[in-house]
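Have a look at this one.
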Amino acid sequence: MKTSVRLSLVASAALALTFAMAAPHARADDPGITPTSIKIGMIGSLTGPAAAWGWPTINGARMVYDAVNAQGGINGRKIELVVEDEQCAPPMALAAAKKLIHRDKVFMLHGGSCSGSILATRDEVLANEVPMMILVATMDKIVQEKPNDYIYRAFLPGSFDGKIIADFIATMPNVKRVVVVGHADEHAGARYGTLTEGLKKHGVELLGLETIETELTDATAQVLKIKDAKPDAVVLVGRPAASAVFLKDAHRLGLDVPMIGATVVDLQDLADRIGGTDALKNMYVVAVYKGPLGSEAMTPWQEMLKKYYPSDKVQASSFLGTSGALAVVEGLKKAGPDLTRAKFVEAMNGIQNLDGGPMACSLSFSAADHDGCRTGVMWGVRDGKIVVIGDRWKN
Amino acid sequence: MLDITGLRAGYGAHEVLKGLSMRVGKGQVVALLGGNGAGKTTTLSAIMGLIPSQGGEIAFESNSIQGQPAHRVFRHGLSLVPQWRELFTDMSVQEHLELGAIACASRGDLDARVASALDYFPELRAHLGRRAGTLSGGQQQMVAIARALTARPKLLMLDEPSMGLAPLVVRELGRTIKRLNEAGTSVLLVEQNMHLALGVASYVYVIRAGKIITHGPTGDFHDEKELFHSYIG
Amino acid sequence: MEIATLLSVGLSNGCLYGLVGLGLVLVYSSQGIPNFAHGELFMAGAFLAYTAIVLLGLPYFLSFLIAVVGIGLMGMLLEWLAIRPISLHRSLGRASSEVAIVLATVGLAIVLKGLARIPWGDSVRNLPTAFTTQTVTIGGVAIATQRLLIVAVTLVLTVAISVFFARAPLGKKMRATAQNPTGAKLIGIHTSNIYSATWALAAACGAIAGVLAAPLIFLHPDMGTRMLLKGFAAACLGGFGSVTGVLLGGVLMGVVEIFAGRYIATSMMDIFAPIIIILVLLFWPQGLFGARRAARV
Amino acid sequence: MRTLLQNNLVWLFFAGTVALSFTTDAYSQYLMNLVLVYVVIGQGLNLILGFAGMFAFAHGAFMGIGAYVSALLTAKLGVSLLVAMPAAGVAAAIVGALIGFPALRVSGLYLAMVTLGFSEIVQWGIKHWKSVTGGPDGVSVPAPVLFGHRFYGDYPTFYIVVVVALAMTLLAQAIIRSKLGRAFVAIRDSEIAAQCSGIKVARTKVLAFAISAFYAGIGGSLFSLTQSYITPENFGFYQTTLHFCIVIVGGAASLAGPIIGSIILTWLPEVLRNAQALQEIGYGLMLILFVIFAPRGIAGFLIDKGILPRERFSLRRPSLPGRSRPAPQEG
């Protein structure tokens, strides 16, 4: 008898455990909306291998919502955020999205630092007709694959990056042969397609693709191999640390052709890592911001971050999510006081030439095109200083 | 000097010693005889602290050493030369001798300790540089005993030292044990080789199924055959 | 010229692999387990040095020392907290075996990585090099001073550790314990303390590699994962036995890797370590450098 | 009553999941699907680790092979899931058998490292064989169409997953109780003794690897259905660690162990969502605590307490695979 009591206890505990995962589901007409609040779910890599892109980018977006709330919110509604971790792992990201959509019943989502994991949530988001603003994931097909009526992006997607680089190279005198150096990950993969296409279109010969590890300790083999190929320029599609290692070794081994970096890296950050701009003399980088950190254009945003998140380090990745939040705020404002998801989507599709905040681009969305940011700026190093070279290579 | 009363020990749930009592007096050579599986090695392992004992009492020079780990038991002056010798195969004979005294407080007289150990086994002098793994069985046994001797134990416990050795070597071993004893070391000898045991021991215990079934001065055990049958059962 | 450049880099990378591998070999030969948390000790060493140099502003070599000693103590603590309880169970005949310890080291690796993310997960960090001069030119080959330091430290350390094992009482006790724990107990060696000391020494080796490598790469909680595989490969080549064997294994690994990357395909460099591990363990389980496997019964 | 319950716990578990599926929201249902996926993989790892006593550190890779074979067959060639899923299992099993051959040459921890190296190579292969696998971009998995019905969403997927998971669990039970299962245990306890009693050790070992990999392959195929999108990053060392946690925490060498482990390890990270730093550390800590304090896992504890039935195959002594030590010698 005693054991059977114990047994039923255990059985009910097991059931309760599983029930804890379950919850009664009731459908609200306007999920996530009350007269005084709008609930937005944020997903980011707060822990795990991409944690460096987690809190910095989230807080860069969050500060915009904080500022809006400080001014009384949008149409009387304050923005309420629920932040979930995805650990850069697709199953976790999918769980986070499902939790936010079905359990927390958010009005919309804003998130995604890892392309791979946010891609896993795509079907779920579209099937539930939840508007979503991408945080920093650059892979094209997250937004550009059809059908997509709900997912938006407000910063430069990877493919534009590749195209801008190709166009830039086409305008460089005497550059006919280039080598591409980069990782074998989805981050770099997003760029290779348009890059090779663009180079082909401009009649620039692509000599080869050299792989670097994300945890590169040394690039001697790659640099020597590239020197052997005698390219006129090198395209570098690497994460900051690996790029720094590559550039340092290229400098040491006398590979002094022009190098063009993707948006993944930031010149100031590279200079900090390498310790000086010597190795960057011939380096150009596609930049997304209006100016380098500390420049006049960036000051208000840096101030804003310091105000709301004083313990955050101001770094190149800090403001990547800011333009997305600005677009969301604009969409919510335009959607009017009787907010619904459909109205919000309609409002988003109507946004034209909205200032991208820290971003160099202005944001324009349409029903057919949800990638709102298409302009990148070329930065380079002149006399040890980072200067803006121009933006005429935009789309 | 060594007093064991009601010792119970074994491996996990399997109890091998079921209340074993025996003693070794100062300056004595005591033999513990018994068949396979009687609990001879278990007794030595329990004394030495290699396995935990589950009951009873082990005292050495009136101090309880029960429950102490091997390295603590060692410091009381007990050394065990195990059945499988447990040499360091890749280390030289010289290193073995030095290692024997490595845990002793006074290592200033290391050379003297090594030299006096070698006095018992002059044959080893020729092999000081050789790795223990390359020595013959008899030489390995010598290294094992010599290693124990450099610690200058008060009580030396030998677990079947004759195992696998040629008769001539066994006879030599018997003489060495006697010399050791004359130099003041007490010896607890565990053996299946009755001839050797009765030749050197002054007192004999017979163990069967984890208990002492009979004991007495060696003189009481004239008939080896009878003694043999007593523990084979 | 090009060959010389490749060699110089391959050699210094190999020294790092060798150092990491050495830590693995020390623990393996004493307890018969591969320490999956070793990469995280490498990482922790780099971060401790970072804390000392960048956050506390201490001089480089003092910070180096702090990192090595600190991580050594940490290795000891880990052994005491996570490994010893399992070995105690084992000696009681109660639990499992080495696999339990292996899984514990896997657990430790995850925990250490997770802990490192709390303060340092938000961005990548930089450790300054030991010398302000970045490169020197020797015979027309530009070599990073940090790489020279790596080779020098590794050589000194290898000699020091070899001497330590041959001469020092603690080194002899460690060897004795590794070869025969029962025999060691019988001559009064407190084997548990020896395991702690072994972990401390192994962790210190990992920390040294971490501090040396950090200026060349970057500081990140995941930085140890790749290094662990390369250290394993070095240890396999060296036969999991001798100090010089693992160093030679590391150097071979570093040199072959860089030449393969240069002359075959750079994408190969990522996969070299696991291939070496598989080939060596399957076909030359004694390793290439004839090191005797530490005898453990 | 008690024995009736006890003897049908497996059935009860699956019946319970079906009953609960009527009350869940999509989020809970997704987690429940994941639990069932990990039950399949856990049973497979348990067969080789808990029963056959071999240390295979490659189930993330086997799972990846299964997921990719199934996803590519359905997405690119339009093959029915009814064919693609067994194909995924078989593909993983073939590779598993190939990895099993080294197991005849090296054992214990060397085997762990060989299998670990192998799983690195598989991940690298998936990443770099772009023309087939899509490289780091991954593959999106179409919703399967079975018997004219499109199984899209968490609830329809659940019906596929629960049926397969139940079938695989029953198969595991059958294997464990068969001659083969006894051969596994015999090899684990003593290879020499097993050989003496006429067991073909080499063949049994390779078979153990193949069967275990088959489970992981099927699990991978199911996993791809729950995710609808897969990338190489899914199937790395971290994944393998998760499988080990499932078996160790749940309890090795017991049929109930992987089920308990899967529930806990899917549920716990979700509970810890708000304690972000703990999420990652949680796995590691749990692994350490269990191997130290409860090496037989939760199932072992429940069996000792008489709550779970002591199965014919369950162990008297706690045991994990490893180097067998010679029994202490008696004098």
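A, B, C and D label the chains in the order they appear, each numbered from 1.
Quick note on the criterion: a residue touches a chain if its C-beta (ideal position, glycine included) is under 8 Å from a C-beta of that chain, and two chains touch if they have at least 3 such contacts.
What you see is a predicted model; the values in this text were computed from it and never measured.
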Most central chain, Cα average position: C
Chain separated most widely from chain C, comparing mean CA positions: B
Chain A-chain B separation of Cα centroids, rounded to whole Å: 73
Inter-centroid spacing, chain D versus chain C (mean Cα positions, whole Å): 32
Cα-centroid distance, chain B relative to chain D, in whole angstrom: 51
Distance from chain D to chain A - Cα centre to Cα centre, in angstrom: 35
Shared interface positions of chain B, touching two or more other chains: 11-12, 84
Junction residues of chain D, two or more chains touched: 128, 277, 279-280
Numbers and ranges of chain C residues touching at least 2 other chains: 94, 114, 117, 225, 267, 270, 297
Touching residues (chain side chain D, partner chain C) in the complex: 55, 102, 105-106, 108-110, 112-114, 116-118, 120-121, 124, 128, 237, 241, 244, 248, 277, 279-281, 283-288, 291-293, 295, 318-323, 325-326
Chain A to chain C touching residues, read off their complex: 47-49, 51-52, 54-56, 184, 210-213, 215-218, 220-222, 224-225, 240-241, 244-245, 252-254, 272-273, 275, 312-313, 315, 317
Chain B residues touching chain C - in the complex, by the definition given at the top: 11-12, 48, 50, 52, 69-71, 74-75, 79-82, 84-91, 95, 98-100, 102-104, 133, 147-148, 151
Parts of chain C lying in touch with chain A, wherever the complex brings them together: 2, 5-6, 9, 13, 16, 114, 117, 121-124, 126, 128, 134-135, 142, 144, 213, 216-218, 220-223, 225-226, 258-259, 261-262, 265-267, 269-270
Chain D-facing residues of chain C, complex: 32-34, 82, 85-86, 89, 94-104, 106-115, 117-118, 225, 229, 232, 236, 267, 270-271, 273-275, 277-278, 281-282, 285, 297
